[in-house]
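So that you can tell them apart, the chains are marked A, B, C and D in the order they are listed, and the count of residues begins at 1 in each.
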């Protein structure tokens, strides 16, 4: 009989739903050494949290995260709140000796991120940041291929993470447009993913950056509370207009430590791009392309093919010998968005069970924040900035 | 507090897994009037079935389907077995007054299908066939669009359902190659889906057919039991070769009642096509194209656009106002294979709760078998055959 | 100094333009042993033909093809007229000792095609049918790959040649809808190409067929003479409606001599498909896909790649080591529709210069007509028909 | 009878071939008021130039461009040489009262470009820069759509012009890697096109830039003279290694005058990208995407479609009512690389005939050089630079 681990999740909106789904299903498809027990979900709205707990099968609904992270029956704290509360929750959890699973970006400031990293290290607990796209099978495969030298030496990275949910000037205001809560806009929400994918796939670090950040729509109406989705807000019913204090789009150039160069773009203003998280990485022998909107496919060009047989190959990463796939369905029976979360929880639980490392951890999360922060500095300075290294 | 409905599932392989996932998750994403209780899973192998029940949370593991369908605490019987046992199980379930959810094809013969239909009608129970592809959101959308006249009068249907798992002559033998159990090969397995989609999307009936069926590899080695996936077999360890008595590929031409014409192909021998279930339907004003391998997208061409602005539009059916999508994730956060099963179970449970019709029902299932059987007759006769109408 | 060959072209509409372009440009891009001299263009309308000759640089404009094919200074007769006049012109040309280049389909009846073949053989002249798609570089490459065994043993062929220029019921009547002139509709116009590509790529023969042909719009208004394009007609200004005596769509199943099977569709009624001449051929080791609308690309799937590196590769056939490409532009500088005609003329001129065979010749053209005719018989008979073999 | 204009072309390599083709064919497909007479082709290698003249039908082969531009029978001078000689040739031609058609980039320095512009203005001759991609029909259509407001207010531009012909470290050295001749590498060769397309499509100006330029392979072997294509060199047979003094890749961020932002990348080091000249432009109501490798297609997303019918529409710009297309073939009969050159020559000849403006002219060319030069300054300075305005 397998052992169990008690989970408390702080936050019960979009990410809370995605994480709940992962805890519910991970043990059905994967063989686990530690079965997660959905012990407590915690959010400020008591009634809503109870309803959420009932729907998803969390044993209890709580409203005070400080009590929850300190509770004796909790082993793992999952932080699904907006960025401004990641640090206090994660640090408290670590200090209470709990493993910590945290949404991205790790923190709204590099200082917070460094403090969080120090806390989990001091506590000796397991820590992980949920950069879920690493664990789409096609992305995991891409990493394996780069590591195996299948595109040669990496030279150029192109990241475009495009969404369009803020194109309309009357799309409602939410906490995601409030710099105090969200830290930034497309920058921290989307470029955080893009930066993490660049670090993950290349195994390289971004050393210098220069960028620009732009807000096209500077104020938005408060929501009426009927909304749903990415930006669903607690600001419903206020009436009037909210001041947008974050970027709608963020673009930057990067120089990697190895000498490779890159371009990055994140935006919420690209009509027709819904969750177009795409990278194209070129090396001296080949190229890999991935786009979340067609997430089961990895495109691969190899100069090692015969000269008149070269072309971009659409590898449908749904074979049993692709990462994570054997647990699911036969070839071609495609996976969706939530599967990456299941894979992340699987790897985290196995790492906790076996006392092994798991990535991306808080150091990865902090290094990502260092890049984000350097880009913001470059916008102010109008010049290239060196990225701080998080040891 | 919502009411519950007790489910028994017969069969615990590929489809058993997909159905279990649906029962487990449907109430998490959709508001249900009847919550399914996963009461009993039943299959011949006692130990394997118990393990399956433990993994998925079925309350008990049974081995005798006759006892299960007769059990007093079962309300809904879900038939996930090979085609040769659909009829006895479904009929017994109906006679015991249980609602019946049955995998496709409904039966291996039209005679069996008619008997099943008569049984459920006589019993007055709810009945549904699991043509899961109807409920991929992009497919449901396609039906709405055709019904609304958005492609005009339907003229031509093209179905290609291509897989490649039997290309290698040494791919192992399984029950799916045994005509006594499976009824046919690609024909009943894949063309059944293609026929159902044609009927669903067009709202029309196939009136005449002529076809060909081909077996390229006539015998295959028995599996060593290590296999998995679509064709995983109980024939492991026998050694020697099994005689393939079903088709590897089935192609046919169709004349619809309306005067439309169509081409159909199903094969398990198309290298690179994994679950390429594709249709392209042309009408007098437009065209729709869908392919399961890119299941979130519906392509649409409309002659009603201005002449120099016409083109195939890739509608990513992941918006909240697309069928079923609001229950899941924000736009562009794509769905996968299993979601169609969840949608089917959702609609079935709602229909049972409300005493309303649900499609595709056993009449649809039987009409599909009538087409399959007419194609088989045409192969023998070498000429066009009229499809029987199931009233 | 290179030698020359005097060309007379009969017909000066769509094909006349495409052939003129080929004669004008072939010597600019390719090294020729015989330079074509554009001697005479011949069509019934004297003024229009003179204008055509002036524009394209034909030395003289003629109106009587009998005089032209007999003229002492003509070496090669190029037949670009509708199908009903191919036989008399080509036979007269052969009897006059002229080489013959003929548009497809070779003839409207197999009987005519056989007579034409006998005539060119008796005369000992060079003969070629202009199945231009064979010489798109990606198609020529596909043939090389099948011949080299790169998809293994061919098992399944899928051809869909879709256009949409007759979708509207008020698209004007033209000679292409008149069975006496055109022989058939989409069948002879488009399926002729599809059949030729199947024969070319597979190196196999179609042995048996069963099909259906359908006319969705049975009468059409006469054109006002302002039209252009594929169906531009001499029937302008008549007023009233013309009776459509040919098919709008033609579909058939095929059994190849080797045991392979195939599906074929040609239609002019598929909204959004402009010149969608596509084939997908599966073998025991791989698959090839080509579509004229993306004519520079050949898709290739190989089971010989490592199992988790397989995928459809988009080979852009624009490299110097792809067929015909070195004569044109650098890689990725894509070719268009007319280039296939230039390649055909190049190969024909080289064959004449060197006294070598060139394909597709009149035997190929006649065999294609044999398939077309067998399909038409199958529609009448309602059953499979055996295709006559042209020796 | 139409009037004629005598053309002299300086340079007879890749661009010389593309321009010759344009002069040869433009009058065959388009109705011209001025027929071009291919009078003189001029390059340094006498024998090679004579051969080129013979092949393409230029009346004479010259070797001294100063004599040619001064010759009394020349009306239009076409400059197809490397960038370092554009200024002297164009200025001399203007001073001799000749119209000037010049390859891009207009000059290697902004100073030269300004001088050229002053010269043609002073002479009152017609002047045009050959940014050929403007006249791919899908690109011309994109401009019409942006101008008509079909994507709303332009907000973001993304340009990626990727090639791969220098990926291999042993690809031979050519003049294109010599800064003295070529001015720069991918930057001036490819980003010049990208900048021009951004200016053309948006109707906006790039106001500020910051960039990076990178040389991955710093020396290359001299060619053996057998090469062909983009970089074919006169440096054959030297032996030894040539020092690469230009960039392999150039990336930059841009701020437009309107407030829009953009990212630009040009590289010759992207395996698998052959002539991947792509832009994606987002506005407040829609998005347009174009890529030369699929040059006949323009992708268009409009937020003005009903919310659940939105999607990227693939407009195949091959209809008679798309720019330039009526002159060519029926719908779907795709065009290729050289057609853009024919369209440019057509528009230039018509402008000369009618005394009207034609774009892009030397002011456009100079403004493009201003952007290129500002990017180069930003690389040195490590900070954003303001782009000079050319009046």
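By our rule, contacts are C-beta pairs under 8 Å (C-beta built on N, C-alpha and C of every residue); 3 or more make two chains touch, one makes a residue touch a chain.
In this text the structure is predicted, and so the values were computed from the model without any measurement.
Repeating the B-D interface, with the same residue numbers in over half of the contact pairs, is the pair A-C out of A-D, A-C or B-C. Note on chain placement: the centre of chain A and the centre of chain D lie 41 Å apart, centres being C-alpha means. Note on chain placement: the centre of chain A and the centre of chain C lie 54 Å apart, centres being C-alpha means.
Between the Cα centres of chain A and chain B there is a gap of 35 Å. In chain B, the positions touching at least two other chains are 273, 310-312, 316. Contacts between chains leave no pair untouched here, as each chain touches all the others.
On the chain B side of its complex with chain D, the touching residues are 141, 297-298, 300, 305, 307-316, 319, 321-322.
Across the complex, chain C is touched by residues 151, 155-156, 158, 160, 167-169, 210-212, 214, 216, 249, 251-253, 255, 259, 261, 263, 265, 267, 269-273, 280, 282-287, 301-303, 310-312, 381-384 of chain B. Those residues of chain A that touch chain B in the shared complex are 14, 18, 20-21, 24-25, 27-28, 55-57, 163, 165, 228-230, 273-276, 292-296, 316, 318, 320, 326, 329-339.
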